[in-house]
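Next come two complexes built around chain A: one with chain B, the other with chain C.
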Partner chain A sequence: MTQKLLEVKNLRTSFFTHLGEVKAIRGISFHVNEGEAIGIVGESGSGKSVSSLSVMRLLQFPGKIVGGEVLFKGENLVNKPKKEMMKIRGNEIAMIFQDPMTSLNPVFTVGNQIMEVILKHQKITKTEAKEKAIEMLKLVGIPSPEKRIKNYPHEFSGGMRQRAMVAIALSCEPDLLIADEPTTALDVTIQAQILDLIKGLNTKLGTSTILITHDLGVVADVCSRIVVMYGGLIMEEGTKREIFYEPRHPYTMGLLKSIPKVASDTKTRLVPIVGTPPDLLKPPTGCPFFARCDYAMNICREKQPPYFTINEGHRAMCWLLHDEAPKNELYDSQKGGVRSV
Partner chain B sequence: MGRYIVKRVISAVITIWFIMTLTFILMNNLPGDPFTSERQQSEEIKAAVYAKYGLDDPAHIRYFKYLRNYAKGDFGVSFQELGMTVNHLIKVAFPYSMKIGIAASILIIVLGVILGVLSALKQNKPTDRIVMILCTLGVTIPSFVLATGFLYFFSRKLGWVPSYGAGTWKHYIGPVIAISAFSLAFVARLSRTSLIEVLQQDYIRTARAKGLSERTVILKHALKNSLIPVVTYIGPMIAGIVTGSFVIEKVFAIPGMGDFFVSSIQNRDYTMIMGITVFYSIFVVIAILLVDIIYVFIDPRIKYD
Partner chain C sequence: MSENRNLIEVKNLKKYFGKVKGIIKRKVEYVKAVDDVTFHIKKGETFGLVGESGCGKSTTGRTIIRLYEPTAGQIIYDGTDISTLSSRELLKYRKKMQMIFQDPYASLNTRMTVADIIGESLDIHKLASGKERQEKINNLLQSVGLSKDHASRYPHEFSGGQRQRIGIARALAVDPEFIICDEPISALDVSIQAQVVNMLEDFQEERGLTYLFIAHDLSMVKHISNRVGVMYLGSLVEVAEKNELYSKPTHPYTQALLSAIPVPDPDIAEESKRVILTGDVPSPINPPSGCKFRTRCQYVKPICSEEVPELKDIGGGHYVACHVVNN
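Coming up: the complex of A and B.
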């Protein structure tokens, strides 16, 4: 039986703006097992980044966790004192951010920024920390790290900066690595290298990983389980196989249809999901995807669907999975497009 | 770095030469000359005086004579202060101005940054509001009004400080405050805005995600970045303090350079005008050069050569 390293239970996060309360996360639950890599997928504004910041308790004013629990190694992080959170951040849970061009402090050397986190969490001398920093840079594949450690971030390329970020994140051997869109700002070649790096560390060091992205191709490569978010809620959750080959939620299907396929020989058009995400200042009472869903029914507008369990570990929030829903029509029309992924 | 400094010194010499030439042209085109204010003199005496001071030569000859003497460090003899060389007058007067300038610069940088950081951290709270109101006042009230107001309340009404002269440290309080007010308010505002912006940067989030204390995040990661625009302002600020001091020294009757400079212009004291202008040019050019060098240490992205 695998142990749950992180368990998020009914987490709710809001931003209290002058226009009112923006409910960015409206009750999400998911977990990460030890040594497991999961992916959180969703478009902009779906709440995926906010959920990772909530786990780290790094929300900036006016953001606030309004309910739920974040259990890390069985301890609730939501009401942990600041001092204890500081010991967890960077040490037990580490994070990599989206834009490597701005995530490193421009006025300190890369070495200084790696050593800083090591010195903060480990009782070692400066010389030892320096050696460790060099070792970390070597681990993430930066050539001649002894020289590179004295460089400033602007002397690094985008891909190297993200490697340096990975080095910072992993230098204290965290139990959980949260990578928030780690490859979005990088070009495809570098993207693949960084993903290989994260994947390699996950398999070699057994670091549990949460990979947040809008790119299904990225999660397919790294993660074993996928959580699909939309409108501050989890729409569907399942193994990689289940999400890619047996998606049950129209939103997941829509996401899959909007990725280009290399193998397709006919000139098929990509199918976008028409419309925009809901305004979370006034979240819809029913399903958040209602307005953009091709299969929406009356009940979808009125009542938020519950989770329907398809089989253990695979669940989706959609009324179409209800016994009384007209499921044949939907799946017949979907089969062709989705299963060819 | 060495090459850069050499380059800067050469360009400084050119700047100073340009200032000298411009001042010379302007000065010679002003109506009147150093001796027009004297009582009626006979033509012979006038001619003799002109010949004595070399004023009967054509302008271009006098111009090259100036350049030659300045290259030797000889600023000439004052036309008004009898028997005094300009070098001597500067030597006597400058220490007063420098004391005010240094005290004001320290006050501006230290207090300005502290106030700015304080109000950035307490953004939109009462502390911030009070500091920002004071800053608006500091920027808008002219320094001579501030100086007069200071004299009225603290010298005349309360009698805490002497009203004129430069004998003790108490004499300097008023001048320093009056000169600092504008730049102090400006630096406070600048560092507030800059720090607020820096605190929203991604690398601050990274620093927090590393588990660093809020203290380290602000004092190490945020402050150094937010000081970059402040350092940019310091160069021109020093120039501002130097020129601002002319008025303030007059109000507080401090025997500094400002007083000499103003009276030398009124008296068309050619050598004196040139001497003080060149002296201040050198001073400001050096100050700006120093600021540019400090810049490299604060922001590694800036490269010279």
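Coming up: the complex of A and C.
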């Protein structure tokens, strides 16, 4: 099970706007094992969505991959011709987008849109495709799918539309499912339904999943490994427990501190991360988190830190992990992650 | 912190939106956005209102401040019924009640400078002019963490978090007693949310403000509120002190809603059992008879479809509207 399904190596993506080059992703490397669910967490503008679009090669002008490799089953996707990419998209890698209201085509029926994917990638007849579409809708828990298949997206509620999106994504049994903020536009009770669905597909069908979100609560439930992004770079990567209970990067610590804890009865003041994310038009030369970091040192401004490995699979980009970094009690007190108050 | 005096009392508040049909445009259908809601807010406390989208929590807020005309019921502000006041009489109360809106991108006029956005209410209520107005605006900007240089800029020059600060400064300009926060943090990033929430808490302490905090983020509502009300399809189903509500949720809907919160702690998340609701919220045009939650409730009984459950006190100011619990 430790076969790497997807490996992203030093990927860099930029947007060439009239103001200059916006370096949205500045060299990220991560991998997804077969059957694994990983989470990519970050604030808006951290590059988490752009990285998924880069993997799918769905970037639109003026966005462009400027360097690095995306290895899917050992093949590099970055230089694949358009035609071959189309065979992979929807068939081997599928994607669920954030907004179910805008990502379905309003002038085609839901059934039509599911059948479109199946007919495109599989050599089967229309009737068979229709049966398959009904089966998919049933799988994602839409009641009376035989009737619903004739409905247009506007006749579906938000949660049902997102289910239909999941049905489209899964109709060709992809090996990798990329879910980009799949529940942000939904209510908590519906969110729980969709997350349960994605989690079930991962555990039952063994579909590898990349879940992109800004909500730490969502990844805590679904994913086994977490990648924390900030300013177009991966700040920290580790297993779920390592990220939540033994974070080493001040940004991860800050994120965990800034969310209220439902479990505790006592009221503690939230600790916000001061300031705002960096402007990627002029990315800072040093650590992108430098300006907002409580433990910033001189070197942080001047030089981008390398990755320091804490355990196998747990790494963080921070100068504080260097042997010569001064001891910082405040920093040490935060090492317990969500458990340290 | 909170006194025992009720600042706001909402009694049997109803807000129906008529839907026009046919050639002669008769109103035939009503969307019962708020249907017989009763609660009170004590002076100096924060009352949280939670529920899924479309449950009428924002409409309740807007009707209290009379941005919408109530269909029926009373809104008693500090002893006076304001639900029937004329707009001239209401002006006095508008100064005491302010609102912070959800979308900081849509709630600021893009053609006005920040100084004019904040100063508009000062002009309307004739609170300050000339130099005094300028000074007041500068002080407000500083108190929300912006600088006075920002006064001459336009909203598009600010980030989401900064815009929400401008929205807060605007609400504070007239020295209100009561502020309705309608999802003030939903459009913001996690790290920025904490900044705004802390600021709201500071202002409450400094100025003794009373908040009605409307949100769908249950963990944030727990953090900021003293008491919490849960709404479903236009009705309040449960009201209780926050620790009581979160530790002993009694209404089946509250239980499901709370169990659906994704907990940012892997150990707790893996242990917890979810009550997953099936289906969607029914249409508020034709809500189910009796208890509105009965179509999704796992404890449903025959009585639930016949009678509308009343909001009853089950002890210690914990109100629940459910036949199963109350019998």
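As a convention for this text, the second predicted complex is superposed on the first by the 328 of 341 C-alpha atoms of A that agree within 3 Å, B and C clash if a C-alpha of one lies under 4 Å from a C-alpha of the other, contacts with A are read in each partner's own complex, and residues count from 1 in each chain.
Note that contacts are C-beta pairs under 8 Å (C-beta built on N, C-alpha and C of every residue); 3 or more make two chains touch, one makes a residue touch a chain.
Worth saying up front: this structure is predicted, and the values here are computed from it rather than measured.
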_Quick check on the superposed pair: does A:T13 touch chain B, chain C, both, or neither? Answer first, second, both or neither._
neither
*With the two complexes superposed on chain A, say which partner A:S208 touches: chain B (first), chain C (second), both, or neither.*
neither
*asked:* Just to be sure I read the superposition right, which of the two partners does A:L195 touch: chain B = first, chain C = second, or both, or neither?
replied: second
_Once chain A of both complexes is superposed, is A:N105 in touch with chain B (first), chain C (second), both, or neither?_
first
_chain C versus chain B, contacts on chain A by residue_ = C
*Which of the two partners, first being chain B and second being chain C, lies in contact with A:I88: first, second, both, or neither?*
first
*If you stack the two complexes on chain A, which partner ends up touching A:Y152: first (chain B), second (chain C), both, or neither?*
first
_Partner chain(s) touched by A:F97 [first = chain B, second = chain C, both, neither]_ = first
*Which chain A residues are contacted by chain C in one complex and by chain B in the other?*
none
*Which positions of chain A touch chain C when the two form their complex?*
43-44, 141, 143, 157, 159-160, 187-193, 195-196, 214-218, 220-221, 240-241, 244-245, 254-256, 258-263, 265, 267, 269-274, 276, 338
_Complex contacts: residues of chain B adjacent to chain A_ = 200-203, 205-213, 221, 224-225, 298-301
_Residues of chain C touching chain A in the complex_ = 52-53, 159, 161, 189-195, 197-198, 201, 216, 218-220, 222-223, 243, 246-247, 256-257, 259-266, 268-270, 274, 276-281
*Which positions of chain A touch chain B when the two form their complex?*
56, 58, 60, 85-91, 94-95, 97-99, 102-109, 116-117, 120-121, 152, 154, 165, 168
